[in-house]
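In the two assemblies presented below, subunit A is common to both, partnered first by subunit B and then by subunit C.
Then we have the complex of A and B:
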């Protein structure tokens, strides 16, 4: 690695961990945690508030505190996903798929421990990849085009087969419904409305958060009411809860290669401008399930279903900084606000940023690193009181869950109509659960559909005009190979197991 | 002409019935500022630049909300349909909306009828760009290439601001072209041009300035009649103009034996529509006192030295204009659109084939 990069990394480290600068990442992290835990607020509102307040500051403290804002908000949303089936942010949505079933099994502590470890370590991997890529950042950010994004979406969709539970047909039908739901709204090429049934609300398309809250959180509330289960975990006292934090942390190391692969997936997807964190988590989850020797427990409380999305979610923060710093293209609203703050202080992303201001870039990265670790460590100290929630009687807990779900649904876009949308999907989710229709393929297809649709159109058009050669692009071929492996691996492994059984 | 005269009269008499600005209903409140594009694009950057300064002036908190779908139409509708209480404002692409509304039978709001215009932040300085590795060094290279094959142009969608500039410019220059619609956000198109997937893009200068400065994008043509503000403020290089008596449109018309006068008029119409630019608006029907408050606060903000300094640091140009001046520009744009109607309709049909 370039000695200039190493020197800047060392100087940046020295700055972050020196007095009084160390206070900025710490204060930033605590504020980000507070804002992501408070109903109706999130890290974006914190950053929007901070921009005018930090206007007169020097660039270094601004980089430090915004780095902490970016890193400090991700993990807290996982706790509500695990405990109540309510994701704090869209990017935490995947964690609930196995995190909440673990709570129902009385293993909330293990799930939270695992999420915290995967989260902190995942962010570290993301930052390390980012540091390694600094000299090639601009090339890396520009290199991938519609053909690669299309294959990435197809690769993600091929994991659906493994997530369809007992019935592949039901899984594929659910995925088809998910795709169809995502196509509601404006056609991205022609700006013409489609599938809206004349409803103005649908012209904006369905949003992931209310759909998820309905399908999982509200469906669970209905199920709890109908089933009459006494507590979330089915246990009355904390002493009856099995699992602990150490087991959760240990699980990350037991599944180390899955964790590394998921972190790499998160970093790569985070680096794609405008894709967003939720897709990273879904693809990592799908990959975890597809690559598992035994995936029968996914969706029922498999700890690998917590590790993979959490590692990807936090690693993607490092990845998202690649296009932000190299090209000035933010990956989402958080990095957009950070970009705005940077530019107000005269820090322009691009080659200059990566050469003349490299020490500042590293100060930002170390602050991001520190905030991810602080969040996870603080999260771990809260495990016991939080796990106790799963022993509270449902009669007392359900109103609180309903209020949280309602706030979550409305807060995302500020639309009351999203609450009604969540209720409709709550009923659909309950019926799917009751009649054993898998919900995960629906959600994954819904999340991946925009990436698939627009890049399918672009790729076909560019191929038609002879501007690209789909099959001569190395990343496309790599993803194609992974897709084929995804499709044939389950059948191959099944066959292998059958032969082994016969031999025995 | 009639519309322009009406607008001029409105502009002249408006200061005569002054309304007392009343900002008290907004003090301490949260004002939603809708941005119809993705975070990081030109509209978003302008909004986030203005936000802290306007907050101070209004003593209110501004929450920026990106509503990105359908080429900005969804965001524009969100502003139009918001409660008329001054707590929802937003930035719109007046040129794109005018064109979509007048020419494409779309659901896009009408910038003249559906909003209370608060101020203009900047005009659209539309340029034609190519990637630095495209092999196209200047507009001459592009014209030569167009003689051998259709030029591939990346656009957002059929209703976007750049879309109607494509057929008009192509017609004026005699270019055959193929459109690739679906590139979301200006950065998507820029990266496609840099990668070489497409030959050219039509883009506002401000939103791609950093790529021009880094040498990754090459400006080929200014879609204006006069030198753009960016060229006047010391940007290196000479980029030819499409419009004007000596512009490329006139030269091409003369070379091909077409009417120079018509070409100059069409190029002027295109430039007029682009000039409508980036407007800050509220839903129509705002009380005069609130409207006056927001207009005054915005104009004071846009003209303040602090914002000017921050804009220079962020590489954005401010061309503030008040509501009366903007109304006149919008009327002129609408008239100009009528001149280009047939061309744009043909282009839409072509893109849907």
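Then we have the complex of A and C:
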């Protein structure tokens, strides 16, 4: 790493931790936490509000406060996902898969402890990787084309085999349904309307937020009402809630290599523009499940199912800044708004940003780092009051959860139809749960489908025009190898387990 | 009653099959480019649904050797399921008609009194606080108007 980068990193660190600039990341983090904990709100709405308010500010405070907005929102969404099965953001959706079952098992504190540790450490890994990659950022981002994106989507889909629970066929059907649901709306190449049944609402396709709210939050509400449990955790008193924050933190270190791999996955996925944070968590979850010797507890309260997505979700924030700063291509809605704020202050992404304004870039990164740690530490102190909520009587909690879900669905795009859509998916989600159809493959396939379809068309077209040779691209070959490993590994591990059983 | 449960399970599988078949039928009217990937996925899904159907049949009849019998389904609390749907439908209707401030507040009040059998005082206080919190967040904090519902517009 050249000395210019190290000097800028040192100067940026000094700026963030100097008075009065330290106040900006702290205030930004607290605001982001508040917004991400409130129903229907997220850091993107906060950033949209902050852009006009910070118009007259100097570039440095803007970078500091936006860095905090980017990093401060993720973990609070994980707390609501773990305790109430309601993800704060789409990227927190995967945390609920094992986090919520842990709450039901009375291990809410353990889940939150491991989420906090994985989150803070994951962001640190992400930022360290980003710093190390800064000299190579421009070259690496340009190297990715449709063929690589296509292979990335296929690689993500192959992780579904490990997430299918007891029945691979059911998992594949659920994935097929997820892909089909994603095909609804305009075809990306010909702009033909597909599968809308004449409904205007479906022209733009189904939105991920109401689908997720329905499949997980509303489905669980229905399940809770049908089960007749008196409290969310089934326990009456807070003292009965077992689980230990320290055990949760310790679990991250016990699964340190999984944590590192998940953080690396998060950073890489975050660095790819347009994929979005939710994919990072899902792919890390799939990897955790697939690489585990015994993955039978995934989806039922396995702590590794919390660590992997949390590490990836927070590491991806660092990764998402790579294309934003290097190419001006935002990785998601948050970075898109951040890009808008940068432009308003005359900061142009690209080579100029990475040479003339490198100190500002590092100030942003340290602010992101600080906000992730503040969020995790503050979040941990809020575990007890928040965990107590799981012992409140179901009858009192259900209206709040239902209303949060309704507000989240309606306010996301301002469409009441999204609420009706969430209700439909709530019923589907409940029936899937009741009849042992896995919901995770459906959601992953739904999230990956646009990436798959758009890049399939682009790759085929480029191949027809002889503009690319699919099998001569190194990243494609690497992803192809990973895909083959994904397909072979479950069978190999299954056979290995069978042999071990026979030997015993 | 024991015979009725697998039928419900089959109804769900059948619904998935019908949805997938409809998608396949609908895709026939599309151009080759637009239908290419959907048709491949849909056909594969339909095939897999068929495989699952056969597997389910085999399990029930004990034909498939070496596979465990699926555990007997728990008794379906059908009434509670229907009731939960009614409550969610009520929330949707209240929100649709009265908007995001008053709809959820009214729903909470009815739910707390009707489902949770809470006291009048708690139900009213809960609903009022909920409406105030939502108003505070959207009107004062965000300076945006939340969804207002169709009823106020009709009355004006």
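In this text, the second predicted complex is superposed on the first by the 503 of 504 C-alpha atoms of A that agree within 3 Å, B and C clash if a C-alpha of one lies under 4 Å from a C-alpha of the other, contacts with A are read in each partner's own complex, and residues count from 1 in each chain.
We take it that a contact is a pair of C-beta atoms (placed from the backbone, for glycine too) under 8 Å apart; a residue touches a chain by one contact, two chains touch by 3 or more.
Quick caveat, the model's predicted, so the values are computed rather than measured.
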item	value
Which of subunit B and subunit C A:71 touches, first, second, both or neither	neither
Touched partner set for A:426, first subunit B, second subunit C, both or neither	second
Touched partner set for A:177, first subunit B, second subunit C, both or neither	second
First, second, both or neither for A:190, with subunit B first and subunit C second	both
Partner chain in contact with A:349 - subunit B first, subunit C second, else both or neither	first
First, second, both or neither for A:457, with subunit B first and subunit C second	both
Partner chain in contact with A:51 - subunit B first, subunit C second, else both or neither	first
Partner chain(s) touched by A:403 [first = subunit B, second = subunit C, both, neither]	second
Subunit B and subunit C contact sites that coincide on subunit A, given as residue numbers	45, 49, 187, 189-190, 192, 414, 457
Subunit A-facing residues of subunit B, complex	32, 38-40, 44-45, 48-49, 51-52, 55-56, 61-67, 69-71, 73-74, 77, 81, 100, 106-107, 152, 157-160, 178, 180-185, 187-188, 191-192, 194-198, 210-211, 213-214, 310, 313-315, 351-352
Residues of subunit C touching subunit A in the complex	9, 12-13, 16, 19-20, 23, 26-27, 30-31, 33-34, 37-38, 41-42, 44-45, 48-49, 51-52, 55, 77, 80-81, 83-85, 87-89, 91-92, 95-96, 100, 103-104, 107-108, 111-112, 115-118, 122, 126, 130, 134, 137-138, 142, 146-147
Residues of subunit A that touch subunit C when the two form their complex	38, 40-41, 45, 49, 167, 169-170, 172-173, 176-177, 179-180, 183, 187, 189-190, 192, 194-195, 197, 218, 221-222, 225-226, 228, 393-396, 398-400, 402-403, 406-407, 410-411, 414, 416, 419-420, 423, 426-427, 430-431, 435, 437, 452-453, 456-457
Residue ranges of subunit A touching subunit B (in the complex, touch as defined)	45, 48-49, 51-52, 55, 141-143, 145-146, 185-193, 200, 203-205, 273-274, 327-330, 332-333, 335-337, 339-340, 343-346, 348-351, 413-414, 454, 457-458, 461-462, 465, 467-468
